[in-house]
Amino acid sequence: MQVYTMFDSDEKGVQVMDQGRRNALRMASALGLVCAGSLLGPMRAFAGEWKANSFEAKGLANALKELGVDSYTMSGEVSVISAEIAENGAVVPVSVNSAIPNTEYMAILIEKNPNPLSVAFNIPEGTEAAFTTRVKMGETSNILALVKANGKWFAASKEVKVTLGGCGG
Amino acid sequence: MAEPMRIRAKLNGDTVEVKVLIRHDMETGKRKDPSGKVIPPHFIKTLIAKCKEKTVLDTVMGISVSKDPFLSFKFKGGALGDKVTVTWVDNTDDTRTDEATIS
Amino acid sequence: MRLIASIFATLITMIPLQGFAGNSSTDEIAKYRQLLADGNPAELWEMRGEELWKKKLGPQSVSLEQCDLGKGPGVVKGAYVELPRYFKDVNKVMDLEQRLIHCRITLQKLTPEQAVAVPFGSTGNPSDIEALVAYITAASRGMKVAVSTTHPKEQAAYELGKRFFFYRAGAHDFACATCHSKDKQRIRLQELPNLLNRTDAQNTYSTWPAYRVSQGEVRSMQHRLSDCMRQQRFPEPRYASDTITALIMFMAKNAEGGVYDAPALKR
Amino acid sequence: MKIILSVIAISLFVTGCATAAMQTDTGKMLVARLEEDFSSKGPATVERMLNQDEVQKLCSAYPLEMSDEQMETLQASQLKTVKYPADGNYLGEWKEGEKIAQNGRGMQSSDQVKGTNGGNCYACHQLAKEEISFGNVGPSLYRYGKLKGESEAVVKYTWAKIYNSQAFTACSNMPRFGHSEILTEKQIKDVMALLFDKNSHVNQ
């Protein structure tokens, strides 16, 4: 079965990293952080702070609440581009863009994923409100592009069907 | 241990189009290995791109971004020969920075 | 050439068995693939493969840069589109992976076990061979598939591969030909290339290896065919076996003239 | 089916036309190679790959030159293998049948020995309208029961077709689900119900 599930190991099985590599990773990361720190200057460069509450929120309503969205308007000026059918839910290409002036923030949410929030962009001046990335989808679902502009929330959505594929195994 | 990214930055008129490919497992923490043991989460949380010290992209990610993430975006203000620097940090505090020259 | 000509002649008379083929579904799948075409993670494997090619390894600290892939020591460009081929030094036909292993053993003095370690990567356990394959195959992009069957051993490998292609066995009575000898067939929504039809054979052969989104790894031809064996309900082929090389030879010859464009990206 | 056979036959017409002797040699070489290159894993054994039965042997030939008479002989011998349900009851649960039709697992080297096998019907056939991911190697079976009716002849034919497809079409691509012990009698009943039950979503 080729359908992507977030809860099962894949068809080939997955090896857990051995301890040696884990340790090496930790060491590398310690060193890496020093480098990153010096490169990026003050850590507040990460304007978009990673918030567990929003990424771990279950269900669309909770995820929106955690993002501080009370209500939003569906807008024709926001678009979600993807294929209507995904051959594999593990990799679903998605482009989002907003033609609303002063778009300052965009997020991609997968309505039926256990944790809907997938990725969010803080948009600095000079950067277009248009991004392409790839997301995992556990099942057929709407993909929601959420936009913040002038303090208001807008959105667009598109359904992507996740299909079973291959020779069944 | 993190492997290098593949970054392309191309100037089109006054806009620079950046495409980033990252080697990362983006493990959800919800899958099990064949022995039934849960595979710990391992995913990128933040990604920042800069050009001449100015932040041009500021991203936060969750476990549902695909393995070996791909990201493309566009910004204004970059010139031929300028460098675009991309840095990610994951949930194990592993990090990687790479750069590309705008062409 | 007559083989191909006769196939085309026959196809004209063939009546499509299926009227409804769910065309809109296949169009959307095509769109899905097209959207993924930009930004293939296989590039990350190519980068690592190039590093590995140049990396000094083994007891005598030797790189693979003097490995002869058929076009002389160290020549990577265009090597893949002429493989599998007969190699005089071993007096046999080898595909890319067999040859790489040969170089790892003879040049780098790795033990046979070391040389074939991790033929197929998985999460946390990457394959050096898959990375090397990605690098070497990428160096044939834009070139035409041109394998030779002039040497008797090359001809024999081709004939053996063909024979195996039609060999029906196992619990399900499957042969390669069961799914890959007719045009426009699908398993679920996946199109099945007709490997006896030159265009299909070219399009297929020229796009392997590939980064498989279902596995998150670059998969080599040996892996692809090994997985076919599994789905065919055949037992497991030994890695880099002559049977699989023979099958690759048959496929490569059928794909002759196809413009090589891999590593690609697939489901 | 004859169309398919002739396509394969003609497309396999190779330059020079290998002689019978060469064919036998290549065949022997192939068996020797397979024996050396493959190892049994899970339910997929080397023995089963090497020991082709009559159908597998005949249908591996190329070009496939079978006369009508030979085909009929093969079909007749395969029809004899069909075991009909002892209790005379042909139809099980259609919802279970749907699960079997969706399941592509079983008999692969990666599967459990003596695990539960699927029928993987959707890989090759359209069945229920809601499932858009279906193959076209076999004909559409959408509204099968509705279109074919439920006469004893149709029901028995369908059972035999699933049990041993070679009984009606020599060198068919379809696995012999009963004869090769891929599906159990109960599972075949469930698949039959998926095809014939009035409530089955195949017949909506």
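For clarity, chains are labelled A, B, C and D in written order, and residue numbers in each chain start from 1.
The definition used in the following text is that a contact is a pair of C-beta atoms (placed from the backbone, for glycine too) under 8 Å apart; a residue touches a chain by one contact, two chains touch by 3 or more.
The model shown is predicted, which means the values in this text are computed figures rather than measured ones.
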For this session: If every step must land on a chain the current one touches, say how few steps get you from chain B to chain D.
Result: 2
Seminar exercise, completed: At the largest C-alpha centroid distance from chain A we find chain D
Exercise. Which pair, A-D or C-D, has more C-beta contacts?
Worked result: C-D
Exercise. How many angstrom between the C-alpha centroids of chain D and chain A?
Worked result: 43
For this session: Just give me the whole-number Å value for how far the CA centre of chain C lies from that of chain D.
Result: 28
Exercise. How many angstrom between the C-alpha centroids of chain C and chain B?
Worked result: 30
Problem set entry | Junction residues of chain B, two or more chains touched | 39, 66-67, 70, 72
Exercise. For chain C, which residues are shared contacts with two or more other chains?
Worked result: 25, 38, 123-124, 179, 187-189, 213, 216, 230-231
For this session: Hunt down the residues of chain A that sit against at least two other chains at once, touch-wise.
Result: 10-11, 13-16, 21, 85, 90-91, 132, 134, 163-169
Seminar exercise, completed: Those chain pairs meeting the touch criterion are A-B, A-C, A-D, B-C, C-D
Exercise. Inside the complex, what are the residues of chain D that reach chain A?
Worked result: 102-105, 108, 110-111, 118, 120, 122-123, 132-133
For this session: Using the touch definition up top, name the residues of chain A that touch chain B in the complex.
Result: 6-10, 13-16, 21, 24-26, 28-30, 32-33, 35-36, 39-40, 45-51, 55, 90-92, 110, 113-115, 117-124, 126-128, 130-137
Exercise. For the complex, which residues does chain C have touching chain A?
Worked result: 25, 28-29, 31-33, 35-36, 38, 120, 122-125, 179, 187-190, 213-216, 230-231, 267
For this session: Would you tell me which residues of chain B are touching chain C in their complex?
Result: 3-6, 19, 21-23, 25, 27, 39, 66-68, 70, 72
Problem set entry | Residues on chain B engaged by chain A in the complex (per definition of touch) | 1-2, 15, 26, 28, 30-34, 37, 39-40, 45-46, 48, 50, 54-67, 69-77, 85, 87, 89-90, 92-97
